[in-house]
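What follows is one structure encoded as structure tokens, with my remarks underneath.
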Amino acid sequence: MSENNTTDKKVVESRSESAPDSLFSKDRLYTVIFGTNTPAGKLFDLVLICSIFISVVIVIIDSVSSASASYGTLLIALEWLFTILFTIEYGLRIYCSPNRLGYARSFYGIIDLLAILPTYLSLFFGSGTYLIVIRLLRVLRIFRILKLIRYLQEANLLLRAIIASRRKVMVFFATVFVLAVIFGSLMFVIEGPENGFTSIPMSIYWTIVTITTVGYGDITPHTTAGQVLASLVMLTGYSIIAVPTGILTAEINHEMVLDRERIVCSNCHTSGHERNAKFCRNCGVSLEIT
Amino acid sequence: MSENNTTDKKVVESRSESAPDSLFSKDRLYTVIFGTNTPAGKLFDLVLICSIFISVVIVIIDSVSSASASYGTLLIALEWLFTILFTIEYGLRIYCSPNRLGYARSFYGIIDLLAILPTYLSLFFGSGTYLIVIRLLRVLRIFRILKLIRYLQEANLLLRAIIASRRKVMVFFATVFVLAVIFGSLMFVIEGPENGFTSIPMSIYWTIVTITTVGYGDITPHTTAGQVLASLVMLTGYSIIAVPTGILTAEINHEMVLDRERIVCSNCHTSGHERNAKFCRNCGVSLEIT
Amino acid sequence: MSENNTTDKKVVESRSESAPDSLFSKDRLYTVIFGTNTPAGKLFDLVLICSIFISVVIVIIDSVSSASASYGTLLIALEWLFTILFTIEYGLRIYCSPNRLGYARSFYGIIDLLAILPTYLSLFFGSGTYLIVIRLLRVLRIFRILKLIRYLQEANLLLRAIIASRRKVMVFFATVFVLAVIFGSLMFVIEGPENGFTSIPMSIYWTIVTITTVGYGDITPHTTAGQVLASLVMLTGYSIIAVPTGILTAEINHEMVLDRERIVCSNCHTSGHERNAKFCRNCGVSLEIT
Amino acid sequence: MSENNTTDKKVVESRSESAPDSLFSKDRLYTVIFGTNTPAGKLFDLVLICSIFISVVIVIIDSVSSASASYGTLLIALEWLFTILFTIEYGLRIYCSPNRLGYARSFYGIIDLLAILPTYLSLFFGSGTYLIVIRLLRVLRIFRILKLIRYLQEANLLLRAIIASRRKVMVFFATVFVLAVIFGSLMFVIEGPENGFTSIPMSIYWTIVTITTVGYGDITPHTTAGQVLASLVMLTGYSIIAVPTGILTAEINHEMVLDRERIVCSNCHTSGHERNAKFCRNCGVSLEIT
């Protein structure tokens, strides 16, 4: 998706150089809606993100029964307003996109469609309780905001560290899951249905609640053997919590060292400068000019 | 604020050199009240910090209903005593400050005023329950104690590490918040009001309780689907707890390496000595003379 | 066990070169059942692992009382089917193993036998509730899947880090246990049986629940002294959680550095390359050819 | 204390060389009781540690009301047996110590006395419930076992790391405490006594339960404002948990690097060998001979 994005931007740039004359041309619209490096494009993105935020807040407020009772009509009106705005936006995106099917099939294209569908569907099927399930997908639209932070160097560093450690973390989670099954089964046998451990799945749920140190207390061991095993589960959870931390810390540390290596002096080619360094630590030449 | 502080100290030093004659002069008072490098200034700060601590303890004790019933009059008397003491202190600070408006507008100036206001206001509005809200701000005065630890090298190292990692931590918290909204909405749809998930905000509260592994147990999933999703939320929380740890560890590690780099031998210019090193690890010359 | 495995594989290879003619010979069977580097051997392992997974899932489903009532006969039939399949597999393993007693006595040999015994025993002793205890050991068979990840470099790195830190972690857990006994005893004296702390073992259980930050809330302090001590226990747990993390992070970090050291250029012998490096960072020769 | 220990051992060695003739001489007894490098001394320490363990287990069992009712007489008899044994041991220590007052005043001397006193005191004051408080100090005797691990290199490394990070951790805990007071006071004002937040100390207790992610659920926020603030407290706890981990990880990492630096080849003086290295990584000479 990142590559696709880069080509998009190139297209935007080449276009905006050649044909910035017509005000509402396809190209100009494309630059504003899809681009992020013109003032109009930035403004459009900001307004859109705010609209998404407000529409999500409306869904959240609507779920509060007292608010829904008092301001029900207003909330429905606002929901329709945003649905129509998002529909126009979706239409414009389809219209101005050079590769229409490509956009419609892309991740954000599908999310954009799914974000407006439920309100229209509620016309035909009534605003039933189950329909909220689909309406909820609009919340996923927040992820479009993450596009912004994609440009933040920090988020990139974190992402690289997480990607580099994904296999180790998967090995870790497989182990946690196996442990949860074994401990859960043992607890089911030891404690039994009379103490709330009604089935092995329920016991596995309890084990995950315990091993992650969440500890709701909705199900707790009552027999001595159960409490001894529970203590073992807790201490296991307490110690293996260290594993993902260790993996990620090592990766982040390594990425930060690499980051510093990347700042190279244009004069003497010395690397390893601090991120906020302004002058080469070897020859004193300004690093900013580079 | 740190820069302002340095200039303060310089003023104090230059003044204390020129005019240490008059006992209760403005300058002498300034040195004692604002300065921290004369014996009198140190004593004043110590007494003040103790007074703040005691006055905070009195507010805390006063909130215990049994103590309030038994020693109510004494506690009110003590509160007035400290209020009057702090008022005199505030007056003296205003009086001897070379830049009165500057002090009154500074962070500590505002806190100093807010710490004495509520007790006086209680004269006009009665000691109603809601007034405690304002009285509470006095607790913030404890932060003045943190001035002391500002000088500790250790606190500085931690602070630098936290500042260096602030952007990464913000990216992390934004992600946690987005996850809380999505998971919270899903739980509201799956579990519904009959299981305690009365609204999306309430579900988001539950998600934060779960994802941070606090797990009160006041709201718990009862359906199988809810428990599966809850397990997912817990495992997510369990693994992403590693992210801030990784960020901060990497930064602290880096700051500690930098700290060691700063200790340079005056003879052979070798750096990288241990913090408790007494002699240069390369040429054996004492590091202390420097 | 790892060494034993290597010799096994060597035997497999030498055999498969000399006698791949007879279809159901001992040697061919050995290659398929014990080996993992022929297509047939890989398929056999995959099918076996799936069967174990399904049989474990059946045990789990059987524990759900509603499922057991509806599909009881089907579940029992499936359980017998897998038991017979695993019995045949166990028989073939004994038959084709060059060192029969060695296999039967090995860790997986014992697990293989224990996985099929309980179902047969249920014929003589009836399908009583207590028999599930033995049946449960079949869940341990999942560990055979871990054989696969043994080949993953990542799991090896984690394992090496855990082994390297085992002594430090043991020292840590001994300290935690001593603390739990002392804090538990103190809480028993302070809170007493009337607040749920019915005995020192129960108080130690509470201390472990608290020190690991699980916090069920089934037993909570009610006296002021108890709450002060509980706060101390929590803060202790909160801070010592850092110790295993610190140990493991340091070890994982060190293992990762060693890992990079292991990638050496065949041309200029420069080490310290990134894991995903394709060319030597010093002389530019491809690292892949090595 | 560590230095005192070294001189002790030297005394033991010099004595055991000069006068190993008389069987129950003061010197011989001293070697057995205080020393740890003769077979008899090792056996004595092992027996003593086992006795302490058993006597602690008896106190723990005695606290279980059902066990106390059934085996009360036996438990009291065993307690008296161990008390007499420890009294004899204490007498012998006093008798054979070259510096009697020094031993009696040392940390272990006081613990040794306190471990036997409560049982004797129970003769005069009756075995009342409150007396258990004193009896409990015997549990602290377990710390004598920690003497053993003092020799483990690993425990030393951990201890050095903890000592090196003690000032940073104290700064951290002061901050946590200040936060707990402020958040606790705010929650008291927001939630009030009707929701379980009966006083500021109780609210501070709740804040510590929450900020350490223990989360009993005995007190939970019920108002919307309270839940918002509680979410903030949880996220604060979730993120600041990273600080002690970061500090300790950095210190342990540094100590481990120092540890490797300490292994120096006797031939070519190259340092930085792995802890399990057998040969110098530079010249190939065995490191073990050194």
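Which chain is which? They are A, B, C and D, in the order written, and residues in each are numbered from 1.
Simple rule for what comes next: contacts are C-beta pairs under 8 Å (C-beta built on N, C-alpha and C of every residue); 3 or more make two chains touch, one makes a residue touch a chain.
Worth saying up front: this structure is predicted, and the values here are computed from it rather than measured.
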{"item": "Residue-number overlap at the subunit C/subunit D interface, same or different (half cut)", "value": "different"}
{"item": "Most widely separated chain from subunit B, with each centre as the mean of CA atoms", "value": "C"}
{"item": "Separation of subunit A from subunit D, taking each centre as the mean of its C-alpha atoms, in whole Å", "value": "44"}
{"item": "Centre-of-Cα separation between subunit B and subunit A, whole angstrom", "value": "31"}
{"item": "Subunit D: positions in contact with at least two other chains", "value": "201, 204, 213-217, 241, 245, 247, 249, 251, 253"}
{"item": "List of subunit A residues in touch with subunit C within their complex", "value": "167-168, 171-172, 174-175, 178, 181-182, 185-186, 188-189, 192-193, 198-201, 204, 210, 213-217, 220, 224, 227-228, 230-231, 234-235, 237-239, 241-243, 245-247, 249-251, 253-254"}
{"item": "Touch list for subunit B against partner subunit C, complex", "value": "213-217, 245, 249"}
{"item": "Interface residues, subunit B side, partner subunit D - complex", "value": "56, 59-60, 63-65, 132-133, 136, 139-140, 142-143, 145-146, 149, 152, 154-155, 157-158, 161-162, 169, 173, 176, 201-202, 204-205, 208-209, 212-218, 241, 244-245, 247-249, 251-253, 256"}
